[in-house]
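One chain, subunit A, links the two complexes that follow: it is found with subunit B in the first and with subunit C in the second.
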Partner chain A sequence: MSLSDEEIRYLRDALSREPNSVELSMVSAEWSEHCSYKSSRPYLKMFSTEGKHVLIGPGYDAGVLDIGNGMLLTVHIESHNHPSAVEPYGGAATGIGGVVRDILSMGSRPIALLDALRFADIRYDNQARWLFRNVVRGIADYGNCIGVPTVAGEVEFDDSFKDYCLVDVACIGVVRKDRLVTLKGDVGDLVVVAGNRTGRDGIHGASFASRAFEGEEEDRSAVQIPDPFMGKLLIDATMECVGAGCVKAIKDLGGGGLACCLSETADKLGMGMLIDLDALHLREGMSAEEIMISESQERMLYILDPSMLERFKAIMDKYEVPYSVLGRLTGDGYLSIYHNGKQVARISASVVANAPLAKRKATKPGYIEHIAVHSRKPEVPEYDDMAGILLELLADPSIASKEWVYRQYDHEVGLRTIVKPGHADAAVLRVWPEHHDGMAADLSDGYRYVAVKVDGNSKQCYIDPYNGSMGCFSEACRNVACVGAEPIAMVDHLQFGSPEDEHVFWTFVESVRGLADYGRYMGIPCVGGKVSFYNETRQGAIKPSPLVCVVGLIDDDGRVLKGHAGDGDMLMIIGLTKDEMGGSEYYEYIHSMLHANVPKVDLAYDKSARDALLALASSGLITSAHDCSKGGLAVAIAEMCISSGMGARVDLGSVPSTCTRLDDLLFSESHSRFLVSLRRDDMDAVSRVLAGYPVHGAVIGRFGGNSLSLEYKGSSMSISLESMIDAYGSVTRLMGHGG
Partner chain B sequence: MPLYRVNVLIENKPYISDPEGDTILKDLVIKGGYQQVRSIRVAKMLRLEVEADTEGDARDMVRRMCDELRLYNPMLSICRVESVST
Partner chain C sequence: MPTRIGIVVFPGSNCDRDIYHVLRSVMHVEAEFVWHKRDDLHGYDAIVIPGGFAYADRLRAGVIAAFSPVMQGVKRLARDGVPVLGICNGFQILVESGLLPGAFMRNDSLTFTCRWTRLRLSVNGSRTPFTLLLEKGRVLNIPVANQEGKYYADEDTLREMERNEQIIFRYEDNPNGSIHDIGGVCNEQGNVLGMMPHPERACEVMLAPSPSIHGSASESGYGDGMLIFRSLVSYIEHRWAS
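Entry: the complex of A and B
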């Protein structure tokens, strides 16, 4: 059992008696950090959660956004770090299954997946390569099988993830406004579980995820087996039930199994449940405790009016999805659980669902001060060496092309993906209102265009969790802006080591503060998210790794920015490059140096820069836009050259900057910068638009030719397009062409 | 050096579910009229030909290789290495 002495006392007081063993396992599962947020809850209140598009904010299985035309967008993010570290293929695949079922729980159809992955250095570490290869395969196999495209993502490599990995998946769903399923229920309504048979898999998974990771052998029970075929049947059956209006509430059975699902549902409804475990379809003989906390995959809970049971059964039978009527809702607020004809638990749902808060101390860790004291700058490289450094950075697995990853994913199924991976900084989906069968209700209702991207930066968040986290949020917003979308909401996933460590906990609090400050200033609400603690390896806590998934909206097709720079187009930069080298790939990857000076977001400037870019995007005056982040200006220019298949000639002297060193100018990761390409004839018009915003903007070069030529104070270096493309393909080369 | 035949059988541990086997059982075998079949588990077999001094050496080498190259995940699967008499 994972309850603390204090929690057991609290439970005894709440019950005024000793809990029995079934009750204790239910409470242990639900009061785990993973399910209860007992350390993080008070801090999550810092987020601003309201906005004009928000219909439902945090606290449900998915956030719900009103995107107009009678359509709602649902969004959620989940991680499956511990299971993936043990069994990368199954762990990652079941992570996809889980987040998809969260989207289903709102009655919405899952239409797109995103993945954000973190591993140790795959260049030298066989285990990291094994994890990377199998995690990507797991995501691909599950996502491809269920017909939901994986449209965007990001991957970072850092040795704080040695023998471990972070596997985050976000899912976007769409539902007609009149079909949204929120939690409803009346006394006498039926409680039904459908999907896979319950077995002993993943027993204690939630408490496993709430403990430090101790390596493979000890935690065999955490292996989870994906069944994408059943996942797909559940999607189709659930969509048909929603279309037929025969369910009042839907909930995923995830971490903590029935114990968490039943108690949270009953508590939210303010009701009780009478549950007969003998009715449940099982794979093997199991005790009541085991049934309550089993985390068998591909199972869903439904609440329905008894009059709808025949209709519900007909739909489930049609898809051959097994189901069991477990019991019904009661008015007493108690979970009364029966097994083998005997009552084995009777406990208040609200007691189970509301864990007492864990008081955590937050103390600034000494390493941050240590980095500050020992920060120094490297020798300025010889001018001629800069080209070599740029090529090395392009081959840095954290920067290099992730084609090896996304080409394993079906990113087009469903016909919604109009901006695909590798084509721009964010994915763009065309969304339409639909019937349960996926057909458009009425195309004349008009399409809506949704941009999505997920971003993180563990290196910067380690050195400066406040500014690093804020930077991730800013970067995700910049990425959706680069396809012409206005950011309307975010979901976050906060991943840290043990909250019982006051130094780790301080980084968590700082990170939340950074994200909350950015969201409030920008008016971009948080509509959901997850917290994952106890991400510890044998070396200690992982680097703080908050992830931000931003959803943006574009009014019409004509405003989607999806082109590339054309031959002869001008290259312009918006924003100011500063000496902010802390956590940069240049310092960490090239020089193995930590530096305290992490890029800081100037909130007012950041907003102006993004507004300026969006104004340019909607004016149709620019041909493409690219965010300037990992690897800095030099890498961003090289990436534009690679994607447009041509070189460029750039005058670095005209870049707005406060840098005094060339390497700072080239590789600083200062925020709020965009590179845009534009036709030469539009230069004056673009300048007129930019003049309306208090931001720096300068034309710094021109596209064309077969090499990138960087000129600075009379000197010049030239790098062939071919060598840049070659360097940028390092991950594909390392992982092999076979996938 | 003599050539030995070695078979490697990789299957999910008995307490770990096997959706592929379940699907074959449910959708193919039982629907096809073979209700006597009670369970199906899917496994993967590799047939190797190995040069070694003795049969035992061949088996040991293959076992080492399976572990080192992670041809199976010990968390998930059982890996049996058997030599086949020629």
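Entry: the complex of A and C
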């Protein structure tokens, strides 16, 4: 049991009696940090959650966005860190299953997955390589099998994840506006559980995720077993139920199992439930406590009108999905649970579903001051060494191509992925209003285009959680802008060590503040998210790792920016490069140095730069755009060369910058910068567009040839395209073939 | 008579809706889903067995689906000369059902592989209803997405297939280690075709990784994959006309 003495006292007071053992296990599951957000809840109120596209914000299984043409987009993000660290294949796979079922809970069809992964340095750490290999395999096997494409993601390597990993998955869904399922129910409605049999796997999963990770072998029993086949059948059966209009509410059985699912559903409906556990299809003989908190995967809860039961049964039978009518909704607000014919629990749903807040102290950790005091700059490298440094950075696993990852994902199934992984900074999906009833899709209103990307930066968030987190948000927005999309919403995933540690908690509060400030200024609402605490390893807390998944919208396909620089195209930079080297790959990966001066977002400038880019994208005057982030300007230029299969000649002296050193100019990760390619003939027109925005812009080079030549104050260095491509393939080389 | 194409759906099929989209929404051809429990397929002008993971590919890709009732119906139609197209998992199911020769193994990489490939037609287009509009040697840009996509047949079988012109497609850039670069084969009669790449993913130019990939085909607004489906529809229409 993971309740504190204080919580037990609170529970006794609320019940005016001693809870029995079943009630106690239900409450401990629901009051775990993982399910209750008892530490984080007050701070999440800082987020702005409203916007013109927002139909449903945080608090549901998924956020819901109105994207026009009668279509709604749903979006959610989940992590599966603890399970993946002990059993990477199953942990990652069940993470996919879980986030997909959250999307299903709104009656929406899951249409795309994203993944954001964090491991220790795979160059030296066998354990990290093992985790990486099997996490990717787990995501691939589950996502591919259920036919939901994995379209975008990011991977970061940092030794604070030694013997651990962060596995975040986001899912996007689509539903016709008239088919959206929100939580509804009336007294007498049936409570039905469908999907896999309930067994002992994943017992105490939520509690496991709510304490520090010890990496014990016995923790494997807290990891659930994935069954993508049942996951796929649940998708098809649920979509058919939604199409037939036979369900009033749907909810995933996730962390905390039935205990959390029943109490949260009943509490949200303001009702009670009469539940007979003897009716539930089980895998093995289990006690009432075990049944209530089992986290067996691929199970969904449905609320339906009794008159709809026959239709519901016919659909489940068609797909051979087992189901049990567990009970019905009551008007008394109590969860009355029966097992072996006896009442084993009777407890107010609202007491279970609303954990008392845990008051946490937040104190600025000493290490931040320590970094500030000890920050210094490296020796300026010889001019000739810069080329070598660029090649090293291109081979840095955090920067190098992630082709080894996305080749293993079916990223095309569904016929929606029009900008694919490795082709641009964000994925673009075309979305149309689907018919559930065997009709051809009505394409007369045309498609809507949705861009998605997830970003994080643990290195910068560690040194400066406020500015680092804001930077992640800015970066994700820049990435969707680079395919021509206007950011319309975000979901976040906030991952930290123990909230009981006041220093960790301070980084959490700062991070939320950074994200909230950015969202409010930009008018980009937060429509959902998760908080994951207790990400602690034997070495202590992980680096603060907030992730931001941004959804962008493009009106018509003419504005989707896909493609590469053409031979003879000009290279232009928008934005200002500053001496902001803290947390840069150059300092950390090349020099193993921490520096306090993390890049800071100038909100007004950031908005202008993005607006300028979007204006260029919609004008059709640019051939491609690329965000400047990890590895800085030099890496961004090299990446454009690699993706367009050609070299470039760049005059670094013309880059708008306040840097006084060449290495700062090349490798600073200052925000709000974009590289764009454009036809030579369009230079004047582009300049005219840019003149309308208070941002820096300069033509700095031209594409062509077989090498990248960087010129600076009369000196020049040249790097062959071949050597850049070779360096950029380092992850594929490290991970090689084999499963 | 309007053309009517049946799309077989097994538990775990996941490209069924994609085929449906291409046939119905893009080509405006009558198409409907056929649930795997049906064994009477009378009245369909052609059958498509789509990709996915029928029965999660348990035991071996396609092996359980091969015993599904619908495959009895497919076998009857195949015997009667009705065109049957198996794509990816559909190809694996046709092989496991004995309608096509050969076997599948794990890709050389041992991992799932999703990438665009170049596929060359090794026979005259008239050899199958699905290649009618193509000339021999034509290269199609179509993506693959599979884990057990490495085609295998023993030397005797390969010789016989070669002699009967049953090897329809060969990869220019073998993505999985398939023997003799084989990417698609047909039965002796020519009316049953299995192919590993997904033509339905290459029908609309918008879905191509770069607009230029389909070359001259894209001038029509369609991708290379469309040639497969157009061939089929044109074959059916001509058959009705004759």
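To be clear about the criterion, the second predicted complex is superposed on the first by the 731 of 739 C-alpha atoms of A that agree within 3 Å, B and C clash if a C-alpha of one lies under 4 Å from a C-alpha of the other, contacts with A are read in each partner's own complex, and residues count from 1 in each chain.
Going forward, a contact is a pair of C-beta atoms (placed from the backbone, for glycine too) under 8 Å apart; a residue touches a chain by one contact, two chains touch by 3 or more.
Keep in mind that what you see is a predicted model, and the values were worked out from it rather than measured.
S.K.: Subunit B or subunit C: which reaches more residues on subunit A?
M.R.: Result: the larger residue contact count on subunit A belongs to C.
S.K.: Of the partners subunit B and subunit C, which touch A:I725 in the superposed model: first, second, both, neither?
M.R.: neither
S.K.: Which partner does A:V413 reach: the first (subunit B), the second (subunit C), both, or neither?
M.R.: second
S.K.: Going by the contact rule set out at the top, does A:P226 touch subunit B (first), subunit C (second), both, or neither?
M.R.: first
S.K.: With the two complexes superposed on chain A, say which partner A:D201 touches: subunit B (first), subunit C (second), both, or neither.
M.R.: After superposing on A, A:D201 lies in contact with subunit B but is clear of subunit C.
S.K.: Can you pull the subunit A residues that subunit B and subunit C both touch?
M.R.: 229, 320
S.K.: Which residues of subunit A touch subunit C in the complex?
M.R.: Residue positions touching the partner: 137, 140-141, 144-147, 228-229, 232-233, 236, 318-320, 406-415, 417-418, 420, 423, 430, 438, 440-441, 443, 557, 562-564, 737-739.
S.K.: For the complex, give me every residue of subunit B touching subunit A.
M.R.: Residue positions touching the partner: 12, 15-19, 22-23, 26, 70, 73-76.
S.K.: Okay, in this complex, where on subunit C does subunit A touch?
M.R.: Going by the criterion above, the answer is residues 11-12, 14-15, 17-18, 21-22, 24-25, 28, 32-33, 35, 51-53, 55-58, 108-115, 143, 145, 147, 198, 200-201, 204, 206-207, 209-211.
S.K.: Spell out the residues on subunit A that touch subunit B in their complex, using ranges where they run on.
M.R.: Touching subunit B from subunit A are residues 86-87, 89-90, 130, 196, 199-201, 216, 220, 223, 225-227, 229-230, 283, 296, 320.
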